[in-house]
Amino acid sequence: MIKVGIVGGTGYTGVELLRLLAGHPGAEVVAVTSRKEAGMKVAEMFPSLRGRVDVAFSTPEDAKLTECDVVFFATPHGVAMAQARELLEAGVKVIDLAADFRLKDAAEFQKWYAMEHSCTDLLAEAVYGLPEVNRDAIKAARLIGMAGCYPTSVQLGLLPLLEGGKRLIDTQTLIADCKSGVSGAGRKAEVGTLLAEAGDNFKAYAVKGHRHSPEIEQGLSAIHGAPVRLTFVPHLTPMIRGIHSTIYARITPEGRDTDFQALFEARFAGEPFVDVLPVGSHPETRSVRGSNTARIAVHRPGNGDLLIVLVVEDNLVKGASGQAVQVMNLMFGQPETAGLDIVPLLP
Amino acid sequence: MIKVGIVGGTGYTGVELLRLLAGHPGAEVVAVTSRKEAGMKVAEMFPSLRGRVDVAFSTPEDAKLTECDVVFFATPHGVAMAQARELLEAGVKVIDLAADFRLKDAAEFQKWYAMEHSCTDLLAEAVYGLPEVNRDAIKAARLIGMAGCYPTSVQLGLLPLLEGGKRLIDTQTLIADCKSGVSGAGRKAEVGTLLAEAGDNFKAYAVKGHRHSPEIEQGLSAIHGAPVRLTFVPHLTPMIRGIHSTIYARITPEGRDTDFQALFEARFAGEPFVDVLPVGSHPETRSVRGSNTARIAVHRPGNGDLLIVLVVEDNLVKGASGQAVQVMNLMFGQPETAGLDIVPLLP
Amino acid sequence: MIKVGIVGGTGYTGVELLRLLAGHPGAEVVAVTSRKEAGMKVAEMFPSLRGRVDVAFSTPEDAKLTECDVVFFATPHGVAMAQARELLEAGVKVIDLAADFRLKDAAEFQKWYAMEHSCTDLLAEAVYGLPEVNRDAIKAARLIGMAGCYPTSVQLGLLPLLEGGKRLIDTQTLIADCKSGVSGAGRKAEVGTLLAEAGDNFKAYAVKGHRHSPEIEQGLSAIHGAPVRLTFVPHLTPMIRGIHSTIYARITPEGRDTDFQALFEARFAGEPFVDVLPVGSHPETRSVRGSNTARIAVHRPGNGDLLIVLVVEDNLVKGASGQAVQVMNLMFGQPETAGLDIVPLLP
Amino acid sequence: MIKVGIVGGTGYTGVELLRLLAGHPGAEVVAVTSRKEAGMKVAEMFPSLRGRVDVAFSTPEDAKLTECDVVFFATPHGVAMAQARELLEAGVKVIDLAADFRLKDAAEFQKWYAMEHSCTDLLAEAVYGLPEVNRDAIKAARLIGMAGCYPTSVQLGLLPLLEGGKRLIDTQTLIADCKSGVSGAGRKAEVGTLLAEAGDNFKAYAVKGHRHSPEIEQGLSAIHGAPVRLTFVPHLTPMIRGIHSTIYARITPEGRDTDFQALFEARFAGEPFVDVLPVGSHPETRSVRGSNTARIAVHRPGNGDLLIVLVVEDNLVKGASGQAVQVMNLMFGQPETAGLDIVPLLP
């Protein structure tokens, strides 16, 4: 049994890790830290876990995280980078669900997250947690910076088109028009995500620039092997879970004869958590609710030169905690789907 | 034109006052205070008011509230009682939408609101702002403690049964099972009313005891002329606006031959904002969305001894700001419906 | 492996059976009938099942239901009673999720469901599918009429108070004020449950009388061993899944010294799917979303003579398909929780 | 007083016309037809209109529409074209909210709406009902084909960029990624827009091609004076009212030095129902809920060559019935804003 510690168990990615690990046959949560809630049973805060999760919150001091096999950071940005080194030195693997180890360029991190990076030397070592792109590196890694929720959906949607330097689409004019449920904003007391504010309402935000933009461009450029430019526009939609990314790509003259449906199907044929839908489909976010699957549809209206890729995922599962468990499975030689064979909840 | 000041314009009852007064032919908002947002245009915070409300937030010092004809307090509990005396002494009428002047018993106030009452002498003078009960007193008043949202719906639903010492129902076993949209909790950053928490979810709260219980019992007892006991159970429902109260009353032997439908219709025949629906109806909260109307249906299943009264209102209008404007109209000799002739928004 | 047939796989209880049975270690769905959709893969209609459910809809003729071990009817009322006899005679066990075998009195059935009962002789044999009440009878049964969604919640909430002729509460003045999400209305094209109609809205319905009233009273009377009277008022709340029942009971003089919390905890201590919350709790419907658990809290405000029991369940799981799987497990000697060890989805 | 008839008062655009006209000082609804509901008071079907709209549904025969000054068709596609000629010949002006008179090319109409056009000669006469583009033509018209909901938002968002042959943006690669609330689908009993299906869910639809595509391209080409190509991708978002269009346009070398904010502000300065937000804004659909206003924000991330225009409107008001009232006002010489001075409902 993998001994798991979780730093920050009071947010949505934390409780989602607990939900998934409660059903994992090869892992056991031995510690969940929260300085503020130390002593309280986790299931007292989240009654959905009653009878399934017996652990209590503990202080970081009491948690003995260095005795774990792996520690997940389900924390605000900046926490993992302060604690990762000590854990790694104790032989503990580290999976950060926040942004501390996503961006390779510390200056970029500082620009977008408004804090200095405190362990830049680890940035080079950290592996980007997106298994469909980095599976082998993840297996060998001891430090993972998990892909963000939006970036996961956008990269999966463009992966077959860009990888290996393919020249099927114009790589400088990509657009990702993305829509997220409010759980993506986290379990923070904020006016903007109150039901009375965000309910029955739709809006774009951060059109000027969003933290996930550099992450997406970094990821796509790595996939492509050359710089890729993408305009990312996030929107808030009045639902709890789910991301829907609508991606627009101009097909190049070289790409015009491509069978894009076949390309996507072939690329993801062996992937346990990516499902390419039949021609003409429109994936719904609820079709992946609670599960680690991303579903993708590819459209080319009028057989023209605009390719439209639709991607849905559950932002808290494939976009965060589920993908983190998938990564843990890879790091520890478990079956990749262990703990993740959940049928989506519909309706 | 009535010169209106609003203390606390950043919450839902404040912005709702602004919406309603923007369309009021005989009133003009001259000051809206917010120490924190002083200088900002109100319409910058609430773009729905762009082009309709031109006033900016001002500090209490700059607001010159003593030059207003009337000041509304759309503030947390405790603010109005600190400022009312000065305004009254300057000849300004005061309408408090919070709880400061609702309960006649200062000890009760202290028990439920966890603060001492700072001007108990004004409690006796304050008139309870529920026009269907207190119209004449309101006309003559200079200080109003507006009825709460739940209490308005429950008192309207029981008024015809209790007033004047009627003995149609058992007055000691009343039950009000009430359901509210989340705007009733106000525009405060709180985890419990996030869309990701309160959406797609239903729960009761404060079953042990809720602040509105003493207010309801005080009001019903005043209406009845004798002590009335009611069990009040509030629930949070995943919608923005609206209260639905389901009220259960045991019919007494004396009441058994009553035509309750006729009783309700007769009682509210002249009321501009209470609508008794035909026999067999089920009022929907959306049928009053955005309007000052309460709709009521009366049921007696199987012609038995249990009477069920269903009441819907928009908690921000008839349950708060709309009723406050109605009260202002009465105090200043305006037509009672001025500014309130709004057709509900459906769907 | 239990060979399972499902009649009516296109509604919510059908797709929920498929979700649950997809994860059941000891059962296999071999046929799903739908005359209209015959030939279509189930996962084509419900993409949430892609990769998890490979079966296609078949006509009743092709389905060879008589070769199944058990057949679930997830159909409109009236279908199961037309087909049950043939299946039973072929040795197939039958579990009806509709109302055909709930009411013992055929005249009552006819009154509430507006159709004649076509196999009244089977009514006597049919066992009521509520394991917490009827576990032994279920184990021995070959024909089950599953408890309805509302009735399950109300009976669980009153079971400890009524069973064995207990005289703790007044059995003639019970009230159940129940609130349901819209999936309870089924997957039928109807104006009343459109998002644009039922969203951001709250209403009561069927206050005059609802089909679940006679079922609840029949069940409670059987539990109590004497006639019980209950007023049932259902409400529609703008969420997808979940029922919240708020039950009001007058405590008798004999009941006054009862420790109700202890009574409930003791009664449900061994039940795998009933969770009694700590004193003072308010169960939320989302705390059971997607799971077969019902959670209950018991309140006695002011230590008075009114007992308030709060019960939440997922109407599609404990209120329908999950409970049906639980019943199947009992009938076939499987562990009662097989296929049902799902952690609720929160948020 | 303008005497108004409404054909088809049972759908959302019909009830919205009734809401708006109930508050119109210069118009009076004299007939609302519905063959199915003839005799029933409109307010019986829509209790929100109780006390405000006294008219009953009548059969087309009894409605005496030829005695009206204007008749609105709030009907399915195909109804208006069958009845328009008779009304026009009787001197009645006709405003069709459906698609019968939107497309100038009858073959296009037939292709997208799967029915033959029965009065193609009137197509040439019909004026497209989009006042910001066609105000003078509308004033002089007797037959209007109202702009669709999506097309209104997209055309307003591109109007300042395209009109008069401006060459600021590439007119062949425009993209409109649009999101609509479910009321846009109408008040029809359909599975896809049930709360249990469309709630807590997000999806694209009709990516292959949507009826509004030819309308948008026809409108933009007319505005521009040359062919414009636009890819239109509609999405369904779990809210009741509101459209949010996110429009992407490549800036041409000629356009690079344009002050787009100033361009938009200048263009719409005199428009009573178009509000250009300050630089950096993100319009929310709720900021126009229930009102006839469209709000627009213009973004140019990184001062690059991609222009992003965000447009919100209430699909039932500016996208349908409100704009139709605006058009009626123009046709009859009323103030353009008569009946439309509604403050949006927020929250």
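Residue numbering begins at 1 within each chain, and the chains themselves are lettered A, B, C and D in the order written.
By definition in this document, a contact is a pair of C-beta atoms (placed from the backbone, for glycine too) under 8 Å apart; a residue touches a chain by one contact, two chains touch by 3 or more.
Chain-to-protein mapping (UniProt): A, B, C, D = N-acetyl-gamma-glutamyl-phosphate reductase.
As the structure is a computational prediction, the values presented were derived from the model and not from experiment.
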Legend entry - Of C-D and B-C, whichever chain pair has more C-beta contact pairs: B-C
Inset, instruction - Report back the single chain whose CA centre is most distant from the CA centre of chain D. - result: C
Legend entry - Where chain B and chain D are represented by their mean Cα positions, the distance between them in whole Å: 37
Inset, instruction - Determine the centre-to-centre distance between chain B and chain C, using the mean Cα coordinates as centres, and give it in whole Å. - result: 39
Legend entry - Centroid spacing, where centroids are CA-atom means, of chain C and chain D in whole angstrom: 45
Inset, instruction - Enumerate the residues of chain D that touch no fewer than two other chains. - result: 12, 181, 183, 187, 196-197, 199-200, 238-241, 283-284, 286, 289, 347
Legend entry - Overall pattern in which the protein chains touch one another (line/ring/star/complete/other): complete
Inset, instruction - Report the residues of chain D in contact with chain B in the complex, numbered from low to high. - result: 12, 15, 19, 22-23, 46-52, 183, 187, 199-200, 240-241, 275, 277, 281, 283-284, 286-291, 293, 295, 316, 341-347
Legend entry - In the complex with chain A, residue positions of chain D that touch it: 173, 175, 177, 179, 181, 196-197, 199-205, 207-209, 231, 233, 235, 237-242, 244, 246, 248, 250, 280, 282-286, 289, 297, 299, 301-302, 306, 308, 310, 312, 347
Inset, instruction - Using the touch definition up top, name the residues of chain B that touch chain A in the complex. - result: 12, 181-183, 185, 187-191, 193-200, 238-240
